[in-house]
Every structure is written in structure tokens, then in C-alpha cells.
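Next, two complexes with subunit A in common: one pairs it with subunit B, the other with subunit C.
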Partner chain A sequence: MKKDIKSMIQDKIDPRVLTVALVMAIIEFEILFFTKRLVNIAGQDAWMSIILGGIILLFTTYFLVTLALRFPRENFFQYLPTVWGKPLGILITLGYLVFWFVFSVLLLEEFSYATKTLFLRETPVLVPMLALLLAVIPIAAYGLISVIRSFQLLFPFLMVLLILAIILGLSKVELSKFLPLMENGPVPVLKGAIYFLGVPQGLIGIILFLTPFLSKPDKALLPAISGISIIICTVFFFMATSIGVLGVDYVKIAVWPGIDTLGSIQFPGFPVERYELWLTLPWLIGVFTTTTLMLYLISNGLIQVFNFDLKYRKIAAYLIAALLIAVTYVLPNYAYTLKFREYITILGLSFLHLIPWLTLIIALLRGKRGQYS
Partner chain B sequence: MRFIRPRKLLDKKKPKADTENIEHSTEPMRIEPEKIRRKTPIVSTSPYDKEQIVRGPKERFSGNLDHNLNLLIERTGDANLILEEYLMGTQAKKRVIIAYLENVANPGIVSEIKTRLSKNRTKPVLDSSYIERNIEDSNLSPFPQVETTPNPTVAESALLQGRVAIFVDQSPDVLLAPTTFFDLMDTTEDAFRRWHVASSFFKLARYILLVIAASLPGFYISLTSYNPELIPTRLAFIIAGSREGTPFPVYFEAFFMMGVVEAVRMVIIRLPTALGSTIALFAGLLLAGAGISINIIGVPITMVVTLTIIASFGIPNNDLRGAIRIIQFGTMIMSAILGVLGFAISFFYLTAHLVNLKSFGIPYMTPLAPMEGSGWEHTVLRGNTKEMPRDESYKPS
Partner chain C sequence: MNKNKALGLIIILLLLSTGCWDAQDISQRAFVNAVVVDALDDNSENKYKITLEIIKPETIIRRDTRDEATIIHTAEAKSIADAVEQIQSRISRPISFGHIRLVLMGEEVSRRESIMNTLDYFIRHPDIAVRFRIAFVQGAEAREVLYAKPSFERFMTAELVAMTELEPELATLRTAPFNEFIGNLLGNKGTELAPRVLIQGKDEPVIRNGGAVLKNWKLAGWLSAEETQGANWLIGDANAVVVAQEDNESYTYKVDKQSAKIIPYTKDGELAFRVEVKTDGILRQKNNSKLDVSQPENLAKIEKLFSRTINNQVSTAIESAQVNFKADYLGFGQALRRKDPALFKTLNWDQVFPTVPVEVKVKARITRFGMTT
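Here is the complex of A and B:
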């Protein structure tokens, strides 16, 4: 039998890649802004909210992997109709697509605003948005394998810069700024933890859509838990440095606490200054990777729902990208964007936790299960 | 198919040293290595060696196919070595031989190479590059997807890794396929150096030089033109002071200086003699010196361009170096238009291209993306092993 390259070399991914994929998919604009929202809810105890929310997030990750392993060769949208019934399954799929679309619009809007403020003050926002999407589309259109490869390629750059930012921040932390503990009781901490649960938007996109591509899906749990743990640690340290360096009162009024934190750090004699602007580089990488994943999920989801051939995914990616840009012009100003982002985070609780949990429970009750091969 | 013919269809009028020793077959012709070994002319090594090394064998392939094959056969001494001969070119036919190790090479890759060779449309095969451009995955990509080497050691190592060597008659450059980005950043000394830590250190240094070569002028343009606040204060003052009175914007200075350097490089290549080098050096120094002294160009851009050129020679592969030179101009253009953001986005474009690029089915950025830890010992770093580190990238699945 003649052996051709397609049958010999398959695009299968090592399960350990999940760790990198989760980190790259989830870290994005929140690097600059997330602290402010959580401090407004939980004050100086925001770090406790992250620990508490992080523990619940680890449980969610476990449930998501369990759900994915029940249908190891299908993605989430493929087995939703099997579990929920066809009409409900399609409805939920469309709900996810709308949710991700709105999330992507906000991400793009935040990107354009930050770009205008930090880099290109006089350039129309359309230019940087278009430039970013032109880089995103080829990867999203090529498929999830390419998306994951781009994550792997950019991972070292992101992590080195992030670790550097955290080390710089930690060196100036004052522990007194975390006192008194639980000044307003445990309720704000709990509220903060719930808010934190809605933040990692890329979680589902990776675990429930990447599993069919894994060479050994049954080995997915440990890498997934490792990835989420890295994210929790990163967010925790960012939170700790923001509160410990700036103090709660400052964080509440700051536009981008992440930038202000590093901006207040000075090392005389060190060859690099204004560390805050260097943080924009990992932020740019984070925005790029998250937008890539979202564009892939939306274009692929649409193709799946309407049963189009996969060759139309490229066209779908271009059309959705154009639509994303068009919708950013609907948002009147940055304050609206931030408000919408809060709503999306709260809504994310249903899409990130409630629906997958319910899907798993219903699948268990109805005895639905996918084939391994 | 007219482009591949078995040995029996060779033009009989053309004398060939080994014709009578080659068995005839209907498909690509298999050659017994022993029959080639008997008749090997003595061929002197090329005076111009683009892969000079301090430690390791100094032999080089020549324009004689039999000599080249014999070098390979003697080096490998492997009973599994398979040689298959093709006759290519619709106008002037030339012998093309693929070599690989049975049970080591991925059958899928070997099959794909044969398929692509069979679709070869070249009229004359003047050099192995004519075959290369017919079989690589993307002609539009700036990155070479087939490695060329004049070094038998590199070819032998490639075969042991499961790759395929393609020999073209009268060409001293042997093609190695598939090729990943990290193969092109490899040198033979990485493997021959005694201490693995030193090898890994120099490998990492080369990657840093590659990043500098691809990005430094663009980064400089973006910082000085759009975001000087990113530069440390004292350095920013020094740069501003040295540019005082210069009539052109930074990006113009950068493009002008890079153009001068490319011209100087061309002089050295076209006149590869002591006189040519002296003329190039003198012209370059004179231009830069005159430009700085009458304040047409700034001192910092001269330093940036010089550092970029020095860094580019850290890239061992000539084709990759050429690609990086073009990418350098791409990042400069993007940085001149969009500043730091343009600089970052130009690298996103590069990422988008690299993650979609493959060489005979192998992702181009293996073993980094997709990440395969087992391949790192032979590619990104050099492992501490008494055996030859094996790159799993080309392993049969």
C-alpha cells in the first residue's frame, strides 16, 4: 500500500500543550485592568477572592475535562445537540457564539482605546484594529492546530515579560497595605470570588474544543490543572503587587492599575526605565492570542451550526472580522465598553460554569457518551 | 510520466562511469552502494567554503555526483542506505539521486518527496536549486523549506535523523528534506564541540543574534519616531543630541544606511578578492564617516545598522540569512508606519506565516510549535548525551 504524507503525519497534539494553550488563551486585556474591578468589590482582601475563586475554578476545570473526556473525539458544539436535544443544543450553541462575539468586540474596543492612548494618538482606530485582524485571520482560518501553534510560539515571550513584571512589582510590595484583613466581613470576598470566576473566557474554548485534537485525551487533566494554576498564580501576584504597591484607594481610581503599579517602580542605574510601558508588550501578545482563539471559535461554530463545508471557514473568518470592526463603532465611548465588560464577566458565569456543569449532569443522567475513536 | 525515467532510458551516447554497474528497473532506479564505491574520481574541495568549521571533518561535496555519493556511502557505511536514481529535466537531462536510510526515514515523507519529484516541471536542471524550488511547499515564503549543504557530515547526520538527501549531478549543494527552522540554525560545531553547555550557549546566542538581525532597525525606528518615552532618559538625550541638525527623519536614515550596507555586501560577493573587500570596506567607511561628519546621518543609526549586520552573520544558513534580511525591511516599514504597535504586529504576521508553514508535512517550527521536548536536545539546545541526540521530529508515526 502506498503511504502518503497525510496518512503518516497527522496533526495530533500532545496533551501537555493544554497548559500553554490555557495560559495564552486566558491572559489578555485583564492584565492591565482586572485588579481595579476586583478591588472595587473586595477591597484589600481581593487576593483572598482570587484564592477562593481559584479553588472553584480548579473544580470547574476538573468538570470540564470530565465532560470533554465523555466525548473525546467531538467538540462541545458537536455533542450539545446529543445531550440537550437538537433545538436546545443549537440554541445554546448560538448563545455561545453571540457571547463570544460580544466579548471579542469589547476586546477589540479595549485594544483600540489602549493603542490610541499608549502608541498612536493621532491614527484612526480602524488602522490598528485592521492591522491586528489581518494577522489574526490567517491563523484562525487555518484551524485550531495553527491557533495552538501560534500560542506555543509566543508563550516564551509572554511568560518572560510577565514574570519580569511580577518580580519587579513584588520587590516594592508593602504588606501593611493589605491590612486590616476582612474589614467588611466575608461577603465582599465571596462576591469577588464569584466575579473572578467569570473572567477566564478562553477556558471553555480550549478544554472543550481542543480535546478532540489531543493524541491522548485521557492525559488532559494534569496539564489543564497546571495551566489554570499558572493563571491563578499570575493573577494573584498581579493583584498582590497592585494593592501592595499602590494601595486600595489608588487602585480604585486608576484607569489601568497594572500600568500604574509598574510605573511607580524605579531602579536607579538599571538600563531600562518606565517598566509600565514594557508591560504593554505581553498585553499585546495576550490580546493577539485571545482574539485569534475567539475568531476561530466563532467562525468554526458558525460553519458547524449551519453545516457549511470547512473550506468556507476562511470566508467566515473575514466576514466576522469585518463585522467585529463594524460593531466596535456602535459603542459610544470607553466608559460603555468597561460597563459592558463587567456585564459580560457576570454573564460569563453561566457560559463558563453553569451550562457545562448542566451538560455534564444531563449527559450522566441520560447516559450519553461519545466514541473514543 | 516523462520527467522520471529509469536508468535504462539514459542517453547511451553520454559516457557515464558507472552505467554498466547500475541495475535497470521500471520505477526510480535503486543503486547498490557497493557499485558506486568502486569508481570515484579524486575531486579537490571547493576553494570557497560557506560552512567553515574549526573542529570536524573538512571534506566537502563537489560537482561530481559519483564522488558525492561515495563520500556519503563511506561515511554512513549503513546497510540500510537506499539510493534511488531519477533522470530529470525536459531539455537537458540530469541525474538526481535521493538517499535515505530504510527503517529510519518516515515512509510518508519519502513517498511525498518522490511524488513531488515526479511532478517536477523544470526544463534544464542547472543546479540543485532548480529541484528545490519545484519540491518545496511554498514558493512565496521567504523561509527555505529545504536545507542545502556542501558538507557530507551534515548530510550523514540528516539521514540518521530520518531525513532524505537529494543529490543533483554537477551540483555541490545537496538538498536535505524535510527542514525545520531549527535545522537551519544548526551548525556542525554544535555537535562536535566537547562541552554541551558551551554548545547550548552558542546556540542560544545565535537565536538572540537572529532576533537582533530581524528586529533591531525596526525597533529603533519605532522607539525614536513614535515612543521615545520607552527609551531610558539619559539614552534618549544622547540619541536626541546626536541627531540634532540631521535633515532626514529616522526611518529615512535607517533605510538609507541599510541600502548602503546591502550595496557593500554585494561588492564583496561580486569581487571575492582582497581588492574587492578593500574597496567595499573603504567605500563603506568613507560613506558613513562623511555622512556623520557633515551631519547627514546620525551616529546611533550607524551603530544600529552595523550591529544588525554583525548579528545577521550569526545565522548559519545563507538562505535563512537572506530571508531575515528581507523580513528586516518588513519590520522597518511596519515600524515606520505604526510605531511600536507596527513592530509588534509585523511579528504577529510572521507568527501567522510560520505556524502555517510546513516542510513535507512537518510543521516548520517543530519542536517549538508544536512543542516536542524530545527534539530540543538536537535543535534548540544540545543535550548532554554520549550517544547522538535524536530529533523525534521526523520519526515514523
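Here is the complex of A and C:
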């Protein structure tokens, strides 16, 4: 199972790229309707949940970087058996693979549902899904470096439009819609913060798998913190505009509050309308990049677990993509997708926080560290 | 052809072919501009009389033509979707709701059933952005509005929508974009003050002023233009024109800045409210008065007169809400909820509001008095 990836790939990545990689990996479809779930839990105090959850997320990021630096030339799946022992290590790895697979299925299902609902009513859902995956597979099959390079290319398109969308939304925010503060006490805020911790699914995939490819892994902390901070700010402002424009009660009944928020904006007399369409490109880019990363992680993880040669990664990527599409047809309707997505987010607390923290603690207690740490 | 080129070609073909199923020329669609919902009598098999106003784009582009700019179709149906299908069978272009501007609700249907029955169609439909306007038509079938004579625009809906751009200058009508309307309606559990439209005659212009009081999700009654101005001191932000009279003298004042606070407090253990209104404005006209307004004491006297007049308007509006409608569309409940959410939860607000004492304080300032004294 041990493979020194760094020895196989000569290309090295500047640590500063970690910022871009994190933003691209984490921002996905959730940005359109994550607000709804958080508002269901914390009401108009959802912004507090994001700040509180964000602080904890920054700590997790610090621990993740610390863990990655302890094994700077190995990825997470490579040192899990070293830290936990081989059987447990493989079991945890398989757990991650299943978790990411289910997450990818839901992401794909959300993508096809939104495409069908908003844009391509008559087109069979298989077509946009195939188009997406056929574009994703070659990038994922070429390895993490190519995944990250594609992230770098797409980053400006995502962020510029998201920032414009947020500025538009903020212009119509009413502060009274955030009152009263803590109407139901601090418990919903805390629950919301915990829920928020399960949202950034791409976190582990970037920090614990990209470190071996960094030219200077010891410089990873600051870019990682910057990336997470950008995500926290983006999510915070996106959520604040949804609540401030639509109000809590409307956010609760909207399927995609982000679209309704921009859809409600108009400037009388100004000829440009339908600002909600501005979200189309960021949303597509978000789904594309996150799916790419997930496909890479799953295919690469399987190669590592079963000790296959890396040349089979492309075949693995195609097979997994086919399986992803097949499983989307198992989900009976979108209500199930929404429900499973909630479960995945809650489960994400273990996979994004608990297991990495425990891995670091056990590594410290057992004195385990990588060869070049 | 090598493998990569073949794959590239397949991807391009797939991406291009996604549009084939949904290909629709923009010039070949029937864009709905307004939807009008009227009631059919209870004995009828169908519940609604739905009217769609559809734009004829070629007449909009060619302004010299005398052709009607819109076509109007009415269908009797069990639901809006049912009516749309019926109307679709009469026209050759697919109906599109992407540019809907106005929804008009008839009095009878609004009194008969929950407004949410109708609104559900509009907030659920993926083509409809929540930026359209809603208004309630008093004393006639709402569809008659579409046949009224516009003053400047080519058709009545355009005239009504253009009127919404004047809203910041008119305090005698209720102003609310749809997202604000639905947010307030949901937040106040079915109570809200909505815009009103009045019909004068077939070839006469319609009047857009006053308000429609919604209570328990249904239309409960109407506010006149004067009553709406009174309510707008608390819930609107338009700049009112106030005429104050004392003996034979009268003064007219145009407000250019206003603020209102609703302050809940307890007096001898009983809940009470204080309303504080502050205005700045210009003296527009004086009739039968020889007061020299360049003298501060004279100006102070007129300011007191305006304060009393505005106080009367506000008090009348509150009395109307408490006594006539027993419905809190003025935001007292929300003010209490923001200040003391725990107390608000313990109250049955619908029962408390009609009897809660309210004290009104108004401070009107004349900051300018024009070109003469």
C-alpha cells in the first residue's frame, strides 16, 4: 500500500496554491441551498453559527496541516495504517471511500435535478451527467496535480461572479430581518455551528492529500487558513444576503434560497434583469471541481487500498463514474437526495473532524511520524 | 484518429447535443406579462378564472404599429397550471413565465380562500423569479384591469409596473416588492398590507393607491388612500404630503425624510407601545395664512400643527388595525418579538393586539420653506 507519490510525479505545487485549491474543492452546489438548512436549525441567527463554526473550522484546519506535516511525503491513506494499525487503517480508508462515493452520488443527483428543473427540461438527465463526468474523468485520471491546475484556471470565474452576486444581494439586505438575536437561546446557534462543520466536504481531500505535492510543505499553514477564511466569508455573506433579502420564513420554504435571493433583485428602470442566472457559472464550476476532486480521491484511494498499479487509475475513474451514474438512478426522488445530504453532512463531522483529530492524537501518543517530517 | 481526439469529439458532440431537446427560439415563445386570478362561483366545477396577458414582441419592437401590443386569454380551471394548459391549446407558441411582471388578485377569490393557494404556483415555478409585483383589485373582476386604458404605456400592465417606479414618491399606496410581501406574509402568519388597484371604467385609467388588508391568509378588507398614508408612517418609506388645517388656515408639507420607531414597554405590569415618528420636510403651500415663516416662532407653530395632524393619521391607522380589522399589519408584534422574544412567545398576539394601549408621539420639522416667507 505504500507508494511514494512524490517520487512518481516531478511537478510540485507552490504552497500558496492551497488557498485556491481549498476554495474550489469546498464551494459546490451546497452554496445554493445550504442557507436553508442552517436557517431551519438556527433561524435568523444562522450567521452566528457560521462565525462560531468557522472558528472551529480554522482550528481543524490547523490540526489537519499539523497532521499533514507529520507525514509530509505521504497522503492520508498511506499513513492511516501506520497510525491506526493495518486492519483499522484499511477499514477507515474504505469508510472514507464509501463516504465520498455517496457524497459524489448526491452531488451528481443535485446537479442533474437542478439542470432538469432550471435549464434542460426535455433533455434526458443522463446527457448532462455524462457530459460532466466525461470532462471530469481525464482530469481526475491524470492525478492531483492536474486537478489542482484545473482549479487554478477556473478560480477567477467562480470568485468574480460569486463576489458580484454577494454585492448585489447585500444592496437589498434589511438588517431588521436578523432580529431578534438568539430568539431561542444559544442552543440552536451551537447546533447550527456543528452542522456547518460538516459542510466543507473537500477539506480533507485537499489538505491531507495535496501536501506531498507541495514544494514547501512547511509553508502550508497560512495558505490553508486563508482558503478556509475565504470560504467562511463567502458562505457568511451568501447566507446573510439570503436572510436579509428574503427573510427567514421564505428561506425555510425555498429549495434554493440563493437563486430566489438574486431572483428578487431588481433596479427599477435598469434594463438588466434575471440576476439569478449569474449563479449558473459559479454553480457549474463548483460542481465540476468538487466532482473532479472526489473522483480523483476515490479512484486513487481504491488503487492504494488494493495496491494496483497507478496505470489503472484511469480505468478506475471510468468505472467509478459509471457506478456513480447508475446509483443516481436508485434515488427515487429529490426529497431523498435532500434527506441523504443532511445525513452526509452530519456524518461529515466524523470524517472531516473526528477521525483526523484522533489520527493526530494517536500519532502523537505513539510517536509515529513520516520519514521526512 | 487517436483516442484523445475521439474522446474530445464525443464530449463536444455531447455538449452541443444537449441543446437539441430544449432548443427554443426566443422569438417563438409566448411571454406572459401578467397573470390575473379571479373566482368562479362556488357551484362551478372549476374554481378559478385565470387570465394571461401575453406580449406580442413584434408590436413592442415596431412602435409605429397600431396592432394591440398584447393578447389576453382567459380560461376557467381548477388550478393555474390547468388554466395555462388550456390557454396553451389556443396559441401556437409555448407559454413562458420568464418575464412575468404582475400578478393581480380578484377580490372574491382573495376573500374566499388562502392567498397561498395561488402564490404556491408562482413561488414553485422554476421560470418565475420573485421580482414581479402583486396587487389586489377592489370591487370588480381583476381581469377588467387589463382592458383599462393606459395613460402612457402601450398596455395596462406596463402602465401599472411603471407606476411602481414612482412608489418612493407616493405615500398613499402600499409599496412592496413580491419578495418583501411574501416574506412579511409568512413571518406574520398570514397578515399583511398589500397593494390595491381600483377600476374606474373600461376606458378610464385605473388608480393604484390604498391597501388590501390580509388576515389569516385571506383578504379581510381595504384601506383607503388616506388610511394607507397613515399606515405608511409605520411600515412604508415613501415621502408623504401632509395637509394641516387650523381654523381657516391650511398648510401643506412634503416630507423628505422620515423615521418611525415602535417601542414596546410595560406600564404597571401591562404591555404597552409607544410610537415615535420624526419627519423632516419642506413647507410647500400655505392657504389663508399671513404667518411669516421666516420667524422661528411661527415655523414652530406650524411644526406643531403638522405634528398633530400626522399624530392623528398614525392614531387613526392604529385604531383601524386594532378595531376594524383586529389584524397587526403595522408591525407591532414584530417589534415586540425583536425586543422581548420570550414575552412574545407567551402571548396569543392575535388576541392581545386589538386591546394593547399605544401612545403616539410625532415630531415634525420644517427644514425648508421654499422661495417665499
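A few notes on this one:
One rule holds in what follows: the second predicted complex is superposed on the first by the 358 of 373 C-alpha atoms of A that agree within 3 Å, B and C clash if a C-alpha of one lies under 4 Å from a C-alpha of the other, contacts with A are read in each partner's own complex, and residues count from 1 in each chain.
Methods note: a contact is a pair of C-beta atoms (placed from the backbone, for glycine too) under 8 Å apart; a residue touches a chain by one contact, two chains touch by 3 or more.
Note that the structure is predicted; figures quoted are calculated from it, not measured.
In the superposition on chain A, A:135 makes contact with both subunit B and subunit C.
After overlaying the two complexes on the shared chain, residue contacts for A:122 are found with subunit C alone; subunit B is out of touch. Look at A:17: by the touch rule set out above, it reaches subunit B but stays clear of subunit C.
Contact with subunit B, but none with subunit C, is seen for A:281 once the two complexes are overlaid on the shared chain.
Of the two partner chains, neither subunit B nor subunit C is touched by A:109. By the touch criterion defined above, A:45 reaches neither subunit B nor subunit C. By the document's definition of touching, of the two partners only subunit B reaches A:153; subunit C does not. Look at A:183: by the touch rule set out above, it reaches subunit C but stays clear of subunit B.
Residues 119-120, 123, 127-128, 131, 134-135, 138, 273-274 of subunit A are contacted both by subunit B in one complex and by subunit C in the other.
Only residues 7, 10-11, 14-15, 17-22, 98, 123, 126, 129-131, 164-165, 177-179, 182-184, 186-187, 334, 337-339, 341 of subunit C touch subunit A when the two sit together in their complex.
Listing the residues of subunit A that touch subunit B in their complex gives 2-10, 13-14, 16-17, 20, 115, 119-120, 123, 127-128, 131-132, 134-136, 138-139, 142, 146, 148-154, 271-274, 277-278, 280-281, 284-285, 288.
The touching residues of subunit B, counted against subunit A in their complex, run 106-109, 111-112, 115, 226-227, 229-230, 232-233, 338-342, 344-345, 348-349, 351-356, 360-363, 365, 368-372, 396-397. Residues of subunit A that touch subunit C in their complex: 117-124, 127-128, 130-131, 134-135, 138, 176-177, 179-180, 183-184, 245-250, 253-254, 260, 263-266, 268-269, 273-274, 276.
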